[in-house]
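Following are the structures in question.
In the two complexes below, chain A is the common chain; its partner is chain B in one and chain C in the other.
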Partner chain A sequence: MRKRISTYSFLIVVGFIIMFFTFVNPRFLTWTNFCTIFKQNAILSIISLGITIVMITGEIDFSYGGIVGLVGAIFAGMIEKNYTPISVVFLLLAVAVGFGVMNGFLVSYLRLPSFMVTVGTMFIAMGLERAYSSGLTCWIKNEHLLVIARGEFLGFPNLGWFSLITLLILVWLIYFTRPGSHFRSIGGNEKAAREVGISVTFYKLLAFMLAGFLYGIAGILEPLRVSGAIAYAGQTYLLPALTSVFLGTTMFYLGQYNIPGTFVGAFIMTMLMNGLTLAGLPFYLTPLFQGILLVIAVAIASDRKIKQVKF
Partner chain B sequence: MDKKKVVLKLTNVVKEFPGVKALKGVNFDLYQGEIHALIGANGAGKTTLVRIITRELKEDSGNIEFMNINLKKISVKEARQLGISMVEQDINLIPFFTVAENVMLGSFPTKAAIIDRKKLNGLAVKFLKKTGKDLDVKRKAYSLSPAEQVFVALARALAVNPKLLILDEPTARMGLSDVKILFTTLRRLKSEGVSIIYISHRLEEIYEIADRVTILRDGENVLTSEISSVSANEIVKAIIGERGVVTFIRKKETVLKEREEPVLVVRGLSGYKFRNIKLEIFPGEVVGLVGMVGAGKTELVNAIVGREKGLEGDVILDGKPITSPYKAVKFGMGVIPEKRKKEGIVGEATVCENISLPILSKIIRFGFINFLQERSYCKKAVEIFNIQTPSLTQKVKYLSGGNQQKVIVARWFLAGKKVLICDEASQGMDVGAKFEIYEFIRKFAKDGGAVLYSTSDIPEAVQVCDRIVVMHRGEIVKEYESTDDISLDEVVLYAMTGKGGQINAKEN
Partner chain C sequence: MKLNAITAAKQPLKSNKYLRILIPLLLLGSIILIFGMLKPAYVSFGNILNLLSEFSMVGLVSIGMAIVLSAGQVDLSIGHIAGISAVVTSLLLVRGVSTFLSILLGIGTSTVFGILNGFLTAYLGVSSFIGSLGTMFIIVGVRYWLTGGATIMCLPSSYTALGKMPYPLIFLIGAFLLAFFLMDTTALGRRLYLIGENLDASELCGIRIRQETFIVFIFSAVFGAFAGEILAARQGLANVDIGDRFMMEAFIAANLGRVLSGERLVALGALFGSALLVFLIGGLTMLGVDPSWLNFIKGSVFLATLIGSIITKRGEEE
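Let's turn to the complex of A and B:
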């Protein structure tokens, strides 16, 4: 019974939030605004889904805070210097995956704590970004490219499609394939996974690589969305992405990091921010609300009854 | 008996850990289709031995052959593929996975790159059926009872079609009906030609299920025999060995049984692993709490020191109820915990800081610790307790186990506590250090303190304690008012079976 209450309590709260925002500003509950939320939400959800893969294996990854910005800065810079977009994309995805390999190697092969390692690699990526861009904003003027992020397909924003496709692929990968089950086994009980012969080190490395790949995609989409690489864009995702992941643990698979939960969590985050903006909340209060949301999400997720199932 | 085929042969296997020789040249062989019980006291080397067979540990020297394959260069994974499978004592399941997923862990069947749930559940049902236990494979593992968990782990072990199955205390958390199911299954597996190594502390079970028995003591194989040709008393003797001869001579004159008022009273305490425990401990005596691993001693001690709440009953120290470790210490209790490194010492702190922990409030002046006073106090402690340390400022984690333990003893001893609770206080120490600990404990009692001495080392308890209570499956099954003319064999028998007297070998 308690479990059931927890599952739906959050969605009920969300229902009230939607009603409240609609009451304050009727424009909130329109198809146009729905599309806007999806546009705003896409990059956040792709990043959060990346983190979720790592967290499902029982580790944590903060490096997105640097990688997204680094990839975005180099992308904008190279496009403006007229390199072929497709080769730039491949190069940057390789860079992002390379960061994932580095994280994975340090964490799973050298057994360093992922928390500190990935904070470290986040700053490494940030430093490289700073070296590349000198902290300046680099605008993208190539309209053909910008349309990727701004266009629509079947009346729904492209960015929205990007995030939905990522979601579908990951749901398939994590919940319907054998490697996915290995990820979940390792996060569920590392010793058990090792006992039955799952290569814990390899799959952790793989998780960090996949996450890196997604940060790379997000890093490329971000400057396209805002038509330029704004300095340290990655950092603005630090708090919201983490919050989305924790919000996700209150849905679908209670107390566990999970893919659909993260997606909905990111959506709720964006919706809340969108609603507060429409309601006239000054932008500088955003972190305050995000912080409160994170603490609430963590509190629900660490409910002893849900989380600490002991053997 | 017909000539049997040897499937596993260990010759002269030696394994050393820093400071301990866990296996001192063990020979062991296992026939095809037999159930071979492996018994021995704590630290006798059982776990080390089976971990070497499953290849989780590598031997230092010696030879291991499994079905004529030398295991020297075989990894854990390859050993599994060869058909060596184990059900661990601490069962590792994934709480949020279903029973089926746990059974088939790591080898989910797939169809077109998608996990085939139907086949997965079908296979799990098949392997669970082999265990003889009926379980819904769609249940989540966190809803399973401890006994059900064992069967899930067994199903997982059977999923690789093992030729050698190792079970480490599978019945420790089982009721009698489940034990029956398990034994029926084991007999069937045996008839199918599976060889089984069965680790247990329960003699009655071993007589019921095993064909042969091997007893390890201090890293040596002291007895291997057909179970039908060895009596319970012989087994008990082999387990405790020559140490039955008193090595530590208790100074009897110290025992003053001034039975005025008990200082520690446990009234009808019940918890998840123990039921209706009654204990009274008087000043000036050492009371032994003995029992095998899994008898519920640790859980009982945790409840007595206030770390865990019992379900029913009270613990009264000096007339005041204990409800938390904070209160326990405040009312005059000192605790020597089983997990010394985790719960006893503060490894990163110095010898001096560790010793002075409970008296800090007494030596604080104007909000500052009086370091001079602390130093002289600790210096005295190090001398009295003969703690081998290069200096008072040495970090405790660098001391040997025995000296770490002395630091803990010194801490409580000098803090003027009334009651000392010891849980496996001499575990993992060399003989010299053990005797020193015994002496301090006797001295503590002589000075009017009361000691509850919990141990699974029964000869030790008989030597150190004035009185002994024996626990078996969560209940006190026997109390000895004096340890003077005690029969060691009888105590061990009570601890292993819950009953005294002779065990009928053929009894079911």
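Let's turn to the complex of A and C:
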């Protein structure tokens, strides 16, 4: 009963937020704005979904803070040097998955804590990005590619399609396939999963690889979205992505990291920013409200027990 | 516990209390020696003073962070809390408020956020990771609202004087003595250690885990606030995101201290950790290492402390 209240109360709050924003600026509830939110949200969603896969298995992944930027920088750089886009994409996805393999190897096989490993990976990726781009922004002028991010399909922005398709694939993968159930089992009770014969090491590695793949996609889309690879592009997503995942635990599968929750969480974060902008409120209110929202949501969803963080 | 070559080899590192102090000192000495040889300017009076000032600030936040860590929590917002204290103080100073009152109100603001963190973690059951993350967001919003993004400059000399040695070091030593006294002599400290080691057992022993967990966040906020004040005083101005870097450095230093000096020597370990970090980074900067590489190095040191703590933990488990 309490779980029902908690789940729905949050959605009710969200409903109020939507009503408030629409009241302040009717343009909020238009199809165009809806599309805009999806465009702004796409990359955050994809990254957050990647993190969620890892967190479902009980680990954490920070490496996106570096991988997204690195992939973006190399993508922009190679595109401008006229390498074939397809090969660049394949190369970079391989690189991103490679980072995932590294993470997975260190966490799964060497049993190092994922917090540290992935933070280390993030720094390494950031260092490599800096070495490649020297901190300069590389603008993309290739119109054909930019259309991928800017264009629309059936009246809905491409970026929006990307995020929705990712969501659907992941929902299918995590909740309707056996590997997905293995992920969730490992996250639920790792020892039990191992006892039942699930290869924990393999599946954790797989989770990190999948996350890496998604970071790679996000890393490629981001420069296309803003027409260039900005230095340390991944860092802007560092906190919002995590916040989206945490927000996700307050919905759908209360208390657990889950795919649809994360997607909606990311959407709410972006919607909040969008609404505040349309209301003409100063930009700094966005992090303020996102922080308040995060705290309230998690407080509602948590039991009152004190939790500890162990290193 | 089986007695064989392996456990015997692991014993000296754990049971020898003097090593916990000796090894960090040796490391520090080596760092100073090596950099001093590579660049004599490193050991010049001016540079040492600089490093000591930096050490004071990082040491303050590290001690705060270490106290929080020892209770099994984390305060990611400590950097932002340090910063907001400096921002509030600076805003008041340029409006002519007395130095003393400005600093008091700045630290007070930080304490409010510490209370927020403590309340979220200890009474609402929000994981401190998420809770302090939220506090970070909130502080970001608040400081932009207060400053409009502008840097506050031309801070009065009565304030900036506090940034010059020996004041920063005095603050650090004061904080260290307080933390040392608290954690390693009083019953409160012992309770905090116990909470960190085994929360459920502590609760069953009758320790009021909520109150005690709440307190650690006040400490990290106040210590952080002082560090922020020193930083603003030294810079002579307060930029909007002042102090943000402290979080990572405090975390690294506190962990480094835990690995080297063990989990029980919280204050001293944090001090060692910050000294090592500051002198190392300072030396590398002096050698002209690219600032982006410094991030990489900080990350590597962090990974190293992590691996170190795993190794020492595995040893204890036998």
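Things to note:
Everything that follows uses one rule, which is that the second predicted complex is superposed on the first by the 297 of 311 C-alpha atoms of A that agree within 3 Å, B and C clash if a C-alpha of one lies under 4 Å from a C-alpha of the other, contacts with A are read in each partner's own complex, and residues count from 1 in each chain.
By our rule, a residue touches a chain if its C-beta (ideal position, glycine included) is under 8 Å from a C-beta of that chain, and two chains touch if they have at least 3 such contacts.
In this text, all values refer to a predicted model and were calculated from it rather than measured experimentally.
When the shared chain is aligned, chain C comes close enough to touch A:289, but chain B does not. Judged by the touch definition given at the top, the superposed model places A:181 against chain B, while chain C stays out of reach. Of the two partner chains, chain B is the only one touched by A:189; chain C is not.
When the two complexes are overlaid on their common chain A, residue A:52 makes contact with neither chain B nor chain C.
In the superposed model, A:130 lies in contact with chain C only, and not with chain B.
Once chain A of one complex is fitted onto chain A of the other, the partner contacts of A:163 are absent, as it touches neither chain B nor chain C. If you count the residues of chain A touched by chain B and by chain C, you find the higher number for C.
By the touch criterion defined above, A:118 lies against neither chain B nor chain C after alignment on the C-alpha atoms of chain A. Common to the chain B and chain C interfaces on chain A are residues 309, 311. Those residues of chain C that touch chain A in the shared complex are 69, 72-74, 120-131, 133-138, 140-142, 144-145, 149, 196, 199, 209-210, 213, 255, 292-293, 295-296, 298-300, 302-303, 306-307, 309-310.
Chain A makes touch with chain C in their complex at residues 112-113, 116-117, 119-120, 122-124, 126-127, 130-131, 135, 239, 242-243, 246, 282-292, 294-295, 298-299, 302-311. Those residues of chain A whose C-beta lies close enough to touch chain B in the complex are 172, 176-178, 181-182, 184-185, 188-189, 191-193, 195-198, 253, 255-256, 309, 311.
Remark: chain B residues 76-77, 80, 88, 90-97, 101-102, 105-108, 110, 113-115, 142, 149, 156 touch chain A in the complex.
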